[in-house]
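So, here's a batch of structures to check.
Note that subunit A is present in both complexes that follow, paired respectively with subunit B and with subunit C.
The block that comes next holds the complex of A and B.
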């Protein structure tokens, strides 16, 4: 008896653990989608505003549209091709059939990344520019095997003589197929279609490689938001998707199954019941199909395809512009903007280099601009077309010269610094000194309270600057010293992190951390919104720091260079620059725009530090492959020590 | 003689180099019940499929009521097929199955309704219109398959081992049913089977086939009583086929014993095959018959006893008799002259296959 009880308890425990592991993450995400705060660790009250934001966001709705339309079309076309293929394969002789089925199965087992890259290569090799149609083609390609897989067993079950019997009774081969074979294999085709639809809906990797300018599916959109931290509206979207799938699943599962255990004498009644149940099942399948069609047409209704002669292809970081600015630009100039996003400089570079997508204007960071210019990927900007350049503070034109020596290729868009963020309360309570220098990060008093950046150049920047060296040094002795310093610091460091500095500091988990200034406004507002009893202050260390710049450049293969210049000029307009600042809250180099801001923001030293503070600052430079390797090796030694 | 309903002229067919039919000729008269009989792989089903239009012959032509239909697709032929596995349409109910051919031809609703009723009555399944296929037994499904074929009023009905999947009792019932149907409808049946008993029961004419050739064609009685070669004799019923020497007309020597017979014209002292049916052997007291032996096996079969009698040369004779002789009993074999069937020995492998198909 006792062992039975234990066994039962173990079973329940096992079940609970499984459910916990499977559903806890989803549940967390759903809860966060109703969190009034953007923070991932603090509950800021209940809200549905992220849902509102989701429906208002044109980028999300566009991505939803493309996701659904691609899933629907690719599943539909794959169903047709796959069914025809399955019929062909089924009529083959044994050996060729085995070989063909094997060939059909390989793409399903093949690593997605291989499929994605090879498809991209094929498209580029045959001069098909990446875009909607390439994603569609790719999805059709990887969907066909799933349809074949689903239709084959149904075809095998189908009595071939039924097809012959239909012809024998006067049907043409086509009539015989549609009246007799098709209804028989239809469940297989439908499940193939649904499977293909789901696979397409889910796909990230292949879409990522085959997509082009201005087109995102939900998966690539969510991924592109990683840089600024995923927006809570994405949690809202994921929640909606999860609930939809759940409901569909529940409907299908609760559809009455064929009942068993009915007395044989009531065979007639049982049969009627079975027929009715069959009808219900048919109805549910139809409902599922209808839901798909309806959502696709809803999405289509929201979107209409139109051709534009006056085009501009923009390639920017995710969440790095006020969408209204794009609309305004289109209204004022009549130029149709195709807007596309990247996540890292390193991801953007090969896209421009390959020329698979011809963007007209791109927004890379400092060192990357240098690399692109050196490799001849950039066109000189005609500054006659950009009179608004006069609004840009001369300081930043000067800073730009470290990577663009004659100010020929780039126009600054946003900038920021790296500094130390500290928690006033913890500092005060523990009687710790207020940090002012990088070398304070080596003060044993802060032991266990320091958050360091977990990226090689940022970490070395801190060490090199505190030693008084250039953060762009390639001198091995200087770098070795920096390495030793970083190793020496390790016992004091609470954690090496990137994004989480923000949340950890808001949550009061550490006293000081190295952070990018770009999110200071958000952090300060969040502290206010949450009603925390401490404030987080930002300081630019006296030794100087990394001053980063993201600037607009025009690739040398741009097709609409003049439009690109109009775009840059437009963004340099004070009112527009202000709009963007309000939206993305990264410091603007536009002095005229800054003048339009509220006094207290203008005076916020975290966002607009005094220019004299920037004296010792440097901009990251591209150091070449050799130096890159050296940096990485030294960093590895730090991390593994 | 009337013009034949169907005429197969010099039909040859091979699959992947395997010859299935070789220069086959066959005429079928109207309103007859013809059975193609043979072991599996003999080409009988292929012959049927060529008539039905599901296979194209490599050579030769199919003449239907005087018209060459060799290249006509199945849906254009005035004949219908009942398939081995019934081939009913599972997603349609019984009425829809039966109406399939008529709907395709665009017949009126009332006509179709009448036809369904008539056909169901004909196969003794009145009132089954709205039942689903999987609620029927095998025999019922087969009747529906037949009903579905005959509502189209074909001149010729092809049946491909239609009773193969049924159990013995049901099979026998359906055999009578088919004979009745054929008589009521007055159409021609071409029936394929490997079951010789079925063939003997139902057919007007039996065509025995082997290895793509017709071995013998004739009435059931002819086929049974006067097999033209060892294959037919062996395939139709049970028989003792022994080597003999035709001493002269009307006398054959088997294992040294002389048997009077009624066959003539084989010459003198010519080796021949001798066929004797087991039920034609009479067992007498030793010395009273033509050849002595010992009973070595005895089985009770119901209507008769089946015995094996071993003669001194070692040959085991199969004997059916209502009289019982225990194992070990010495007996003597006697055969009436008209029960002995003499056949020429095949001269080569080819000859064996070709048989007497001249």
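The block that comes next holds the complex of A and C.
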């Protein structure tokens, strides 16, 4: 008896460990939703403000609405098609059945990225513009297999003689189906529906490739935020969803009876089974009710909000504008803005090139602007419509000429440098030298303490500059040398990151990191607010660095060019540029806006370095397809080493 | 229902599959076997043999194999325990494993970063207890952990479902005939649960083999898996032909999985859900 007790205890213990493993990240998210600091790695005190912000954020609420409505509709349609198909498949001969089931398995087994891309190719080939309906079609496609697989076993258990008997007694085939077969397979349909709903909710990759302008699900919204740090409101929303579902679950499962104990007889077991199916049914009904209520209320709101004739489609980096600026623009001009975000230049390019989504105004970086212009993707800006261009410092118009020779296509929005950020405390404690040069990133004393940039051009810029070469080189020997240098550095590197370098450095995860200067103001304020016992300093390496510009351009297929020009003009207004600077903290090329800033910010050398410090700096240029391929190949060799 | 016409009910779905499964795959095959000018080439497929790609492929195979084995070892006893807990709790248990999937998977994986980091939550707890910290973030171990975490439900559910179908009487009969626990396990439990195990293995192995998000977030982008290579060809390198060619290579593994399922799970008994 005693061993049995121990065994039971061990079993329970095992169960608890597994549950802990499954739920630990979810508890982490819940805790982060109450974190006063925006940083993922530091605790800044308790707050519930993110819960309020979550409801105010129209991007989060829109994404929630689309996520739910797509999950619900795709699961519903998939349930209908899948159930009908399962009945048909069940009656097929052996060979066609095996083939059909094999085909049915493809979307489940195929890698998501292939499914996503292949669907995108088909939508473009068929001329279906990417948007809500393409996401829905894609989700239905990968949801049907789950329904089929759930319904098939139930159909096998169905007793056909009962169905025949019903018809003998005068029921039409349809009546017989709904009265006899349907109740038997219903639990299968329900669990198929539930599974489909869940898979749709959790999907990111396929949605990512099949979505169009102005539509985000929670997954794609989160992905666009990974770059500049997740808004804590996202954690708040997850917490709310989790609690809602958990409560629904507890109500449906524990309210009617006590579930423990082993059934004494078959009859009781059958009854329990019926209750269990009942519970799933109730759970799903509650779920459906929840979705419908949420969706209908948002749909009404959307309908009210989206009846505009005057439109503007904006495509910008994630977290790269003050949301209030968009609202002000809409108020002043009456133009309705559809705002979308991308994570990298390279990700944005094929979207514009394919023309599946027609944006009116886009904000790429220097070298990408050159590539777009050379490939005829940009329209010339009519500067008569942008009188506020006079507020832009002439230095930046001149720098723009390195990628836009006659200043025809672009208007500078933000600028900055790339440099080394270091943690004063770790450097001091370990007795390490303060970094001043790129070559310091090869100092073995920093082993495991270095954060490198995870993008081809930035990583090669570091290596090329430390070798004294141009960062725009296409010389194969120079590039091979740079590759060898990066391979040599790899064991010292803790991680290759993009903007997570910010959170990791604030959290004290690493001693030095390569970072964009625009993050500096946020970092310095955060270090002060959190009362950390170290400070983070920024240095522009002596060998020179990347001087980058992000500028607004108008794609040649823009449908609202004049509105796009109004938008650019609006952003060049000093008060608006200042608002944006306060929010995103990336240096503004707008001299009139800079003059409005506090003195100490104007004099902050990390944000507004003296131009004479920038002697060795260059602006990235587009190097042509061949060089691009070479860079990518060499980078892959670094990464796989 | 019994009339021969019933089978035509599958027709709409077959049309759907042709439009949204077959044609898309055909496009991938087309891209994979052509170059930028549109002429036929095997170069994209054969590029799997370059040292970087071979390395990425083998690393992916090793990591996904490891996580599949770990998932199986964790899931089987778990499914046995869950089965023992009784029929009534069934739907609840299924919910418990599906529930985490309702939280966005990017957020969950990011949360593991917060947990595993050098100055992360787990190391904080360990050091408070006076224990040495763990340093698995940005290593292959963290990627395996992330894979096991994300795909464990896909192993647990099919095995649990198939175990639920085993009749208690069969087990009791074996015991009455003098089989000990190990014998019962080897001769009854295991053979009867093969369809569930096979289904679970493919449901874990294939997504683990092709993932790129987990290796990016938990591997510090230092570790290049074949999924990352393909993703980069599509999103950064913009070489869709190469990406498609490499995807074709991966499809071999998918076909093997489909063949295994067809062989061991003829009736779809081991379906995941």
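Throughout what follows, the second predicted complex is superposed on the first by the 401 of 641 C-alpha atoms of A that agree within 3 Å, B and C clash if a C-alpha of one lies under 4 Å from a C-alpha of the other, contacts with A are read in each partner's own complex, and residues count from 1 in each chain.
By definition in this document, a residue touches a chain if its C-beta (ideal position, glycine included) is under 8 Å from a C-beta of that chain, and two chains touch if they have at least 3 such contacts.
None of these values were measured; they are calculated from a predicted model.
Contacts of A:164 after superposition on the shared chain: both subunit B and subunit C are touched. In the superposed model, A:242 makes contact with subunit C only, not with subunit B. Contacts of A:202 after superposition: subunit C is touched, whereas subunit B is not reached.
A simple residue count on subunit A separates subunit B from subunit C, and the partner touching more is C. By the touch criterion defined above, A:103 reaches subunit C but does not reach subunit B. Residue contacts after overlaying the shared chain place A:531 against neither subunit B nor subunit C. Contacts of A:175 after superposition on the shared chain: subunit B is touched, whereas subunit C is not. Of the two partner chains placed around the shared chain by superposition, neither subunit B nor subunit C is touched by A:444. Judged by the document's definition of touching, subunit A residues 164, 173, 176, 275 lie at the interface with subunit B and also at the interface with subunit C. Of all residues in subunit A, those touching subunit C in their complex are 11, 14-15, 18-19, 21-26, 28-29, 32, 40-41, 81-82, 84-85, 87-89, 91-92, 98, 100-115, 117-119, 121-122, 125, 137-138, 140-141, 144, 146, 148-150, 152-153, 156, 160, 163-164, 173, 176-177, 181, 191-192, 194-195, 198-199, 201-202, 204-205, 218-219, 222-223, 226, 230, 234-235, 238, 241-242, 245-246, 249, 253, 259-263, 269, 272-273, 275-277, 279-280, 283, 344, 346-347, 349-350, 454, 456, 490, 493-497, 504, 507-509, 628-629, 632, 636-637, 639-640. Looking at the complex, you find that subunit C touches subunit A at residues 1-4, 6-14, 16-17, 19-25, 27-28, 31, 51-53, 55-56, 74, 77-78, 81-82, 84, 86-92, 94-115, 117-121, 138, 149, 152, 202-203, 206-207, 209-210, 212-213, 220-222, 224, 227-232, 234-240, 243-244, 247, 250-251, 254, 257-258, 261-262, 267-269, 271-273.
On the subunit B side of its complex with subunit A, the touching residues are 52-54, 73-75, 80-81, 83-85, 87-91, 100-101, 104-105, 131-132, 135, 148-149, 152. Every residue of subunit A that touches subunit B in the complex is listed here, in rising order: 159, 161-162, 164-173, 175-176, 179-180, 183-184, 267, 271, 275.
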